[in-house]
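One chain, chain A, appears in both complexes that follow, with chain B as partner in the first and chain C in the second.
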Partner chain A sequence: MPRPPSPSIPEKEFLFNSLKESLRLDGRQSLEMRDPVFTFGPDLGWVECALGKTRVLAQLDGKMVKPTPERPLEGIITINSEISPMASSDYEPGRPSDEEVTMTRMLDKVLRRSDAIDKESLCILAGQRVWHLRLTIHCLADAGNLLDCACLAGIVAFRHYRRPEVEVVGEEVIIHHPSERAPVPLSMHHTPFCFTFAYFPDPNTPPILDPSHLEQRLSAGLISIALNAQKELCVIQKAGGVPLSQEQVLGAIDIAVGKAVELDRIVTQRLEEDWKGRKVEIR
Partner chain B sequence: MSETFILPGESVPAQHVNLKLGPGLLQYATVDQESRVASTKAGELHHSANNSRWWIEGNSKRYIPAPQESVVGVVTARSGEGWRVDIGSAHPAYLDGLAFEGATKRNKPNLKVGSLLYARVSLAHKDMEPELECFDAQTHKAEGFGELKGGFLVRCSLKMCRLLLSPNHFLLPLLGSRFTLEVATGLNGRVWVTAKEAKHVIAVARCIEAVDPDGGGMDESGVKQFLGTLDR
Partner chain C sequence: MSSRVEILNDGGYRSDGRRQYELRDITIDLSPRGTADGSAMITHGLTEVMVDVFGPREAKLRGQTLHDRALLTVEVGIVPFSTGERRKRNRGDKRILELAATIKQTFEPIVQTNLYPRSEISIFVSVLQQDGGLLPASINATTLALLTAGIPMTDYVTAITCGVHSTAPLLDLTTLEENDLPHLTVASLPRTFKVTLVAMETRLHVERVSECMKIAGEAGKVLHQEMKRAVEARTKRLVQAMDMAPRIGGVGGGVDRDVDMDEDNQT
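This part shows the complex of A and B:
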């Protein structure tokens, strides 16, 4: 089965013309994000994030392993992500698509290499025992901007997860079951968020934030900016051939800063609400 | 008329001298040459008052072509004398160059890759590529079939496009009373819409998405309120 056909000529013309009038098909402003909706599962570290009809499920679990000899003092984080045909009929099973490669690399940069999680705090016994955190990203539905949704789901899963309390007596490691002692949240340095802007072939069309599926398909280029609410830039990735000036990139970053502060507030609030709703028994 | 929920593979007690089976039902013969009917998709089982017609009504996103259904398709390639058209089915459909009103070898419509079409499925066999025609089967006149120029394509679930075609559904008359619009509804979950202003087209697209039982499932009063918020 070949790749799905590109959008038809009437769709393309209508989208370009309405974007010139700053009208988007879902009624948003050009720099307005779809509101993220989080659903937390029964387990800690189980988060479903939805941006409109785009839905991603992130699941985090931890286990104890022996650290690698190169880094005996650091925990291990691995990220598994796969875009299956479940997300959209555009994706085929087996061979990874370009989108999947881009997404895997971006997730790795945004979640792991940005040092969001303090890896040294995952060490239990130097050279003997460390935590291995495994994040699995399931893309449930793709209605555009899967990357931002996956990054958001991943980082919220890290913030939602709590690992069991561990006690070290000499060489012996005691793991306390969550029912004995309250599990502890991961120690995090910062919370990076990813924002994707789409640019169109016509230079008079303003850039748009959080493109929908059709907008993404018809855009001339995308720029993904990952940063945290403290205005610390983590990753900038530009895909597509459209040339951007320095001012345009800086302008996009300025907008992303504002959005990151807003998003950070929403995430923190939702996590607090969820934590209050959970009954943790400590005997 | 009774309504029962049915799953794929269940046997259906459809027996009639003049039996007509609709989508989702399959007739087969057992080893001892007995005729049986089984369902091939999930949904509500319906039958006519005299038990001669049976069909299944369900909701899905993937279109399975059936003869004589109107569809909206996108031309994806030229092939030989005709075109290959994407109608959302598992295989692309074939549209012959002569399958238009008044088309001859010399005088064929000029369709480009990416053009939108309103066509009728003329052949749908499970082992063959579906075929399309752009004229009415009886009169051989265009009757609205052909290339769709301008406007916008809205995608919805298969149940939504059947609802839009139903004369009792509220959405299109309601929208038509607010502004002029032109709509071509394909049974493959694609609706082509055009109106004078871009914001009207966007309003129609958003209403269809909101009413879609697959998404919002909004009712009539909800849509009236929703339209009020869209008028700026």
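This part shows the complex of A and C:
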């Protein structure tokens, strides 16, 4: 298996020297995120999210299933994600790589285990019928920070999706087609966002938010923080890399708090815009 | 989520009779096992983890060798009877893979891998019993196993979980507490007080985090003392054994002993 070539020495030195002066190769500030661009598809729950050239497509669909016997009152959410070689030539098909395991687990933690979606509201008939939501994440292109992009696409897909209205008469379940009754949005507790910071070997280099591909390759450590606009941390993940002092970790969390509020505003605004231009209801 | 068990009662005791900041009993066993170059077994209360370290040795897969440093490989096995609910997890399980990847990433910057280019250090983690704090126990055991294997590291790595019950931080959670409380796993380096690993999976308010990390850092120092004592005791035993060695193999007592043994055989 050929490993992807590592960046050349001049490239590396140039990046390190410019970062030391708080300059980034794409002209961003050190704590500036690339602006997310959302493209909503024809279906509800079909979202393409782009951070610069990193692009991820998230697709959500729901169907009715019988719940598991352990949790008869809760709906089921599954997340499928796979980094295919389409995203970047660094990835290979076959046995999941470390990046893929990290991403799958992070998506699971950020979107599912953080209780973002009220699973009990997905129950239709206790022990008989619940909604099964399936989120598929397709990584289209990796130009750095694929994880944040995937999390963002996933959570926006959940907010964008609307499930058909159902009615229970006795033991009978009636699903109303969107043309009969307006589909209902999912009941959500909160909206977590993920932010990744990169640290560099030289302690004088400031940490950067939303690293690009090259920055990610040359970084000495990453910390991913997922939190919502209500200042509740959902996931912190810092495994390996340069050891950080407690102040550095807390500093990163503080920055993420501000960014989450900002991002929440953008997401809400974009969803509203899309909803206005959409004709789902007949009446 | 409301639990039927009282996590922290009015008297300030937890469900297993500990105080807020009290750690569970720690036992460390560093006796060698089989052909492993280093091995350690650690128990935090009922959580029991065994780690074997092989290497530095030639990499099993030649293609994976790194020309400038050693390759660390971590494999985690969780025995099916380790939890209350008997469940077989196969090796491809994402949670196990993540645990292994986390341990690997935690130790990569600490182990001085650049001293052993083109070789491999394999770490095998076997989880024998689980009662909360699986990741910290695995990390602590791995630190000890690497030390007993004589692999140079820049520092100890000590890990602990810290949970928050409404506003009160609790240390070293059991499974029962882990299921109900938001918790944070912190792996720290006792010498520089820096953190190599922070992992959290449940919702927690930002303001609670700093307190949690501080307490976890303090707990890390306590763990460090405990681990250091075990390692020093082992080294002392080894040194004593080395002092004995010349007498056994030497001219004086050693010969006598051989003769004694022969006599035993004859009678």
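FYI, the second predicted complex is superposed on the first by the 278 of 283 C-alpha atoms of A that agree within 3 Å, B and C clash if a C-alpha of one lies under 4 Å from a C-alpha of the other, contacts with A are read in each partner's own complex, and residues count from 1 in each chain.
In the analysis below, a residue touches a chain if its C-beta (ideal position, glycine included) is under 8 Å from a C-beta of that chain, and two chains touch if they have at least 3 such contacts.
All of these numbers come straight from a predicted model, not from anything done at the bench.
Aligning the two structures on chain A places chain B and chain C side by side, free of any clash. When both complexes are overlaid on chain A, the residue A:102 reaches chain C alone and has no touch with chain B. Set against each other, chain B and chain C differ in how many residues of chain A they touch, and the higher count belongs to C. Of the two partner chains placed around the shared chain by superposition, chain B is the only one that A:26 touches, whereas chain C remains out of contact.
By the touch criterion defined above, A:14 lies against chain B but remains apart from chain C after alignment on the C-alpha atoms of chain A. After superposition on chain A, the vertex angle at the CA centre of chain A, spanning the CA centres of chain B and chain C, is 100 degrees to the nearest 10.
In the superposed model, A:143 makes contact with neither chain B nor chain C. Judged by the touch definition given at the top, the superposed model places A:194 against neither chain B nor chain C. Residue contacts after overlaying the shared chain place A:53 against chain B, while chain C stays out of touching range. Look at A:246: by the touch rule set out above, it reaches chain C but stays clear of chain B. For the pair chain B and chain C, the minimum alpha-carbon spacing after aligning on chain A is 9 Å.
Note: no residue of chain A belongs to the chain B contact set and to the chain C contact set alike, using the contact criterion stated above. The touching residues of chain A, when paired with chain C in their complex, are 1, 96, 98, 101-102, 104-105, 108-109, 113-115, 190, 220-221, 223, 227, 231-246, 249-250, 253-254, 257.
Within the complex formed with chain A, the residues of chain B that make contact are 62, 74-76, 86, 112, 114-116, 148-153, 192, 198-199, 201-202, 205-206, 215, 230. Remark: chain C residues 63, 94-95, 97-98, 101-102, 104-109, 184, 189, 192-207, 209-210, 213-214, 217 touch chain A in the complex.
On the chain A side of its complex with chain B, the touching residues are 4-14, 17-18, 21, 23-27, 53, 89.
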